[in-house]
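Labels for the chains are A, B, C and D, by order of writing; each one numbers its residues from 1.
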Amino acid sequence: MTPSEKSAHSKPLPFWKRYIFSTDHKVIGIQYGVTALIFLFIGFLLMMFMRWSIAFPGRPLPEWAAALLGPNSTSGIFGPEFYNQLGAMHGTIMIFLGVVPLAVGGFGNYVVPLQIGAPDMAFPKINMMSYWAFLTGGLLMLFSFFIEGGAAKSGWTAYPPLAVLDADSGQTIWLVGMVFLITSSLLGAINFIVTIIQLRAPGLTWMRLPFFVWSELVTAFILLLAFPPLEAAGVLQLMDRIADTNFFMPSGLVVSGEIREAAGGGSPLLWQHLFWFLGHPEVYVLILPALGIVAEIIANNSRKPLWGYRSMVYSSLFLGFMSFVVWSHHMYLTGMGSVMNAFFQTTTMIISIPSVIILSALILSLWGGSIRFTVPMLFAVAFLPMFGIGGLTGLPLGISTSDIHLHDTYYVIGHFHYVVAPGVIFGLFGGIYYWFPKATGRKMGTVLGHLHFWPTLICMNVIFMPMFIQGLAGVSRRLYDGGSAYAHAQPVLHWNAVISMAAWTMAIAQIPFILNFFGSIFFGKKVESNPWEATTLEWTAAPSPPPHGNFPEIPTVYCGPYEYSQPNSETDFHPQNQPVEA
Amino acid sequence: MRHLFAICAVSALMAITVQAGTIKGKVSFEGTPPPEKSITEAMKSDPNCAALHANGPEVMTEHYVVGEDGGLKWVFVRITEGLEGQKFDPPKESVLLDQEGCLYKPHVFGIQTGQDLIIRNSDATLHNVHIIPGRDSKNPEMNKGMPFKMDLPPMQFEYPEVPLRFKCDVHRWMFAYCNIVDHPFFDTTDETGSFEIKDVPPGDYTLSFWHKKMQDHPVKVTVPAEGEVEVNFTFTEDMVPSRDR
Amino acid sequence: MDQETLSVEEVNRHVKLYLGVFAALLVLTAITVTVAFVDLGHGTNIGVALLIATAKASLVGLFFMHLKWERKSLHGLLLLTFFFFAGMIGLTVGGYWDTPNGTVHDRTPVEIQAIHHQSERSE
Amino acid sequence: MSTAEIQYIETPRPDTGLTNGKIGIWLFLASEVMLFGALFSAYVLLRVGAETWPMGRDVLNIWLALVNTVVLITSSVTMVLAWAALMKNNYSEHKKFLALTFLCGLIFLGIKAVEYGQKFSHDLFPSTNNFLAIYFVLTGLHGLHVLGGMIVMLYFLLFGRKNWVERPKMYTNRIENTGLYWHFVDLVWIFLFPVLYLL
């Protein structure tokens, strides 16, 4: 990965300036990508320990696994407190340190400037700062496992009063870590929006933008406007924990038998409103880039323009807009009245429409295409039904009456994991296989790709489908023993072992990907600048890997992003930067 | 060879200069102790606990446990004055607090600051160890769930406190009294009411007898260069708090 | 507002405008303080104070922040932000009075606390 | 020619008519609106839900806050005059007004410190009641934003001249964007003052 250095700089930069403290959007993109993959793996590791406690509560871990836990388990057994730490940090790491940085920081930083024909991001120094703020927040979160008392253990949603009463300082470090992550996302969002608005190549009008760029633009707007309220709530909870204020602590709170004598007067609902004001837009921040990646891959591999590109663009804009007015469907059971329930129920139903439009447009784009089942295409096509299941199982949760039974059960866990795991992460895997040749000039192996794809797909379904069954039986989430203490959970307890086995085998299924990813950097088949015969600028106008400053000269754009198999053109794709004759 | 010889000499020297005496004695209770209350009734609330005691003797509270010869159990004896300014590093071996048969065993125990405390759950049922420090104590409040047979990682206390109350949020009859002191000179009386504190450097001290219901009672004592000194103490009926009479 | 075309006397005209806005802001501040001491009923006091604050804010926004001569796209951005701002406050606070009817939540927390205190005193 | 540098830093992009910096600062201000908006919704929800809520003027010192409001409005004016001076290519007048703005910021923080000192001396702390808690958080966070703006101004006061000489247009844009941020901070105080002190 040695970008050639014929760029404007007189002499090549020293190593640390070129790779560590670089302001080149491609280097920052790869930094984000690799760090995010490592965090995804760590989050996965935490989940594997959780599955042990759920499937076999009280049974000691094998020595080699217990050794990983260090002081947290004595002779292989760990209690509910450590399970809660695993649960809270699994959620936080996977969302804030894994998927968002990979989808927005990694792919966004690397691909968007290339796709719009820009030499770099609008504010390179701010771009670098956003990565280092993200890394600081990430390391803070990991560090909190090793302090006395352990990491945060009140869920990734950190609901007070539990989060405020938690005497261990892991929660305080979680809050400080969150402030760093939010600042990083804020800086990134500003950078993306300005770059996409200002640095589009000549001729690249709004409706000629690849759909991936649209999804990153909407994601950036959501990040920009939805994150600050969580930062404010984080400051309030930090004050509650450190300065004994009572923003979220109601008066007359009884804590283990005694009334807590404090000023009180706060409201835990305030935290839930501010948290979920970010919470729901956050899940659209996760899904939109994946939709963008899948759109690029499907268009390229079915050799056919996207069906309904305009409707997809307007749907993603509408999705971004609506995502701000649906948040309280996470709070149906907090004693809200019928007016609020009805309002949020309606907006939640309305917001499901644009996602269905985008999904159907993607499916219809396959119709009549000459489909090549390359490895990225495998992931993209598998994404469609999986995201479909994830989306549709969300509807009963969106309606306040049915949510009464399903709230905080394993049904919810199944719903959002279907959207995030076989949905978003499959999209991101597809993106890695698709843009790897552009980043390194070498292609990832297809055999290892298949070896990674099929077991992961099967394991994902074996893991998450039984969760619906458990959820409908009423097994509630966040139970260290998987519900074995509850009578109503007895008939579905056996699924816990099945899910856990599938989770551990999926870990093995990731080995082909890791070998493939790091191996192909040095031993992958060499390819020229447009191996997939794609039409968008990053393939047609820039060599792979692109040098600093990306393009020999700024390309001009003449046509739409997906001009595949156009009548009377000798090749079945028409690059965007090639003039259209007659 | 020379090193070996030097080491033996030093250790021998150490043995001679350090003189230590022992404090022994017996704590008794004069008069009729207030009747104990039965716990088996309360234990029925948790079938696991009731099962553990199904065919055993009836389980009673252990407030005023008096042996046949009048010896009072669960009295914590320690030196309160006379050790100012001396530092004692914590002993290597750890103290075990077990939860067995839905009861804390031992009911009252002593531990030195910095010494390891291992809390074990030997029952197959859920116990929740809840440490409640005093109003202005610096020890942290702590709440650990122990749902199955397991040990908690060893923990240490930083600040002396007599007593630091342990309770179980799941079983309201379960209590333990952990007495933390910053020196190794303490003991808890057994059924016969006897206690023994060894290796006490010679000097004048105040010994204090603490009982969870009948509070703290200091007694002056002088420990000789070596040999034992006998200190007995008798709790009387009027020391019993009014609500228990 | 492109800066090249502004000649020196145009800038001076702007400067006079800024000083005028400065005076207006000071006057409005004086008004809002004096009005605060007049008790017009809790609701109206809040309304008047917020009205004056919005007036001052729009003065600063339009003239000092050049919004008056700015491109429409920035106005769009501010409108979008204001919509979400209003939505957040409206729905968060609006939810306070909306309690499920016929349940113990039927009354607002303040009323529940009042009942709680009465029951304590009556024992 | 070698790879192009990033454009539209100084001259606005023809079809959007805006420079990168201006869109960037306005986006940042939009996120700040949401940040203070969340704190205001916290204030309103806490006040509505509270049994008793002290009147602002009984607990806080209005006259100090009034002086602060005037100071901040003056600093807004001197900021915009500093920008106008640059438009008249008069760097020394610009430096004078920028220094004045910095000074006003200093006075504002000084008065804030006195006010906090008074509160602490009467042992009124954030933990006393939720009115004081949200007061300290709102004015504290606002104070930090004032401090941030002052640090940027200090940078320009010390190192601005070289940038002005080499790339005057870029420096003017930078001052304008700093001004936008400063006016926003003043705008937040314009809402904070009545909400906390007068109602």
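Descriptive notes on the structure:
Note that a contact is a pair of C-beta atoms (placed from the backbone, for glycine too) under 8 Å apart; a residue touches a chain by one contact, two chains touch by 3 or more.
These numbers come from a predicted model, not from an experiment.
When the C-beta pairs in contact are tallied for C-D and for A-B, the bigger tally goes to C-D. Averaging C-alpha coordinates per chain and comparing to subunit A, the farthest chain turns out to be B.
In this assembly, the C-alpha centroid of subunit C lies 17 Å from the C-alpha centroid of subunit D.
With each centre defined as the average position of its C-alpha atoms, the distance from subunit B to subunit C rounds to 63 Å. Inter-chain centre distance (subunit A to subunit B, centres taken as mean C-alpha positions): 53 Å.
Subunit D has its Cα centroid 61 Å from the Cα centroid of subunit B. Counting partners per residue, subunit A has 225, 229, 251, 267, 269-270, 273-274, 277 as the residues that reach two or more other chains.
Multi-chain contact residues of subunit C, defined as those touching 2 or more other chains: 80-81, 84, 88, 92, 109, 113. Residue positions of subunit D with contacts to 2 or more other chains are 16, 18, 23, 27, 30, 34, 37-38, 41, 45, 49-51.
By the definition of touch given earlier, these chain pairs are in contact: A-B, A-C, A-D, C-D.
Touching subunit D in their complex are the following residues of subunit C: 2-3, 6, 8, 11-12, 14-15, 18-19, 21-22, 25-26, 29, 32-33, 36, 45-46, 49-50, 52-53, 56-57, 60-61, 63-66, 71, 73-74, 77-78, 80-82, 84-85, 88-89, 92-93, 96, 108-110, 113.
Touching subunit A in their complex are the following residues of subunit B: 126, 130, 132, 140-153, 169.
Interface residues of subunit D, counted against subunit A in their complex, comprise 1-8, 13, 16, 18, 20, 23-24, 27-28, 30-32, 34-39, 41-42, 45-46, 49-51, 125-130, 133-134, 136-137, 141. Contact residues of subunit A toward subunit C in the complex are 225, 229, 250-252, 267, 269-270, 273-274, 277, 321, 324-325, 328, 335-340, 343.
If you check the complex, the residues on subunit A that touch subunit B are 57-58, 71-75, 77, 79-81, 167, 256, 480-481, 485.
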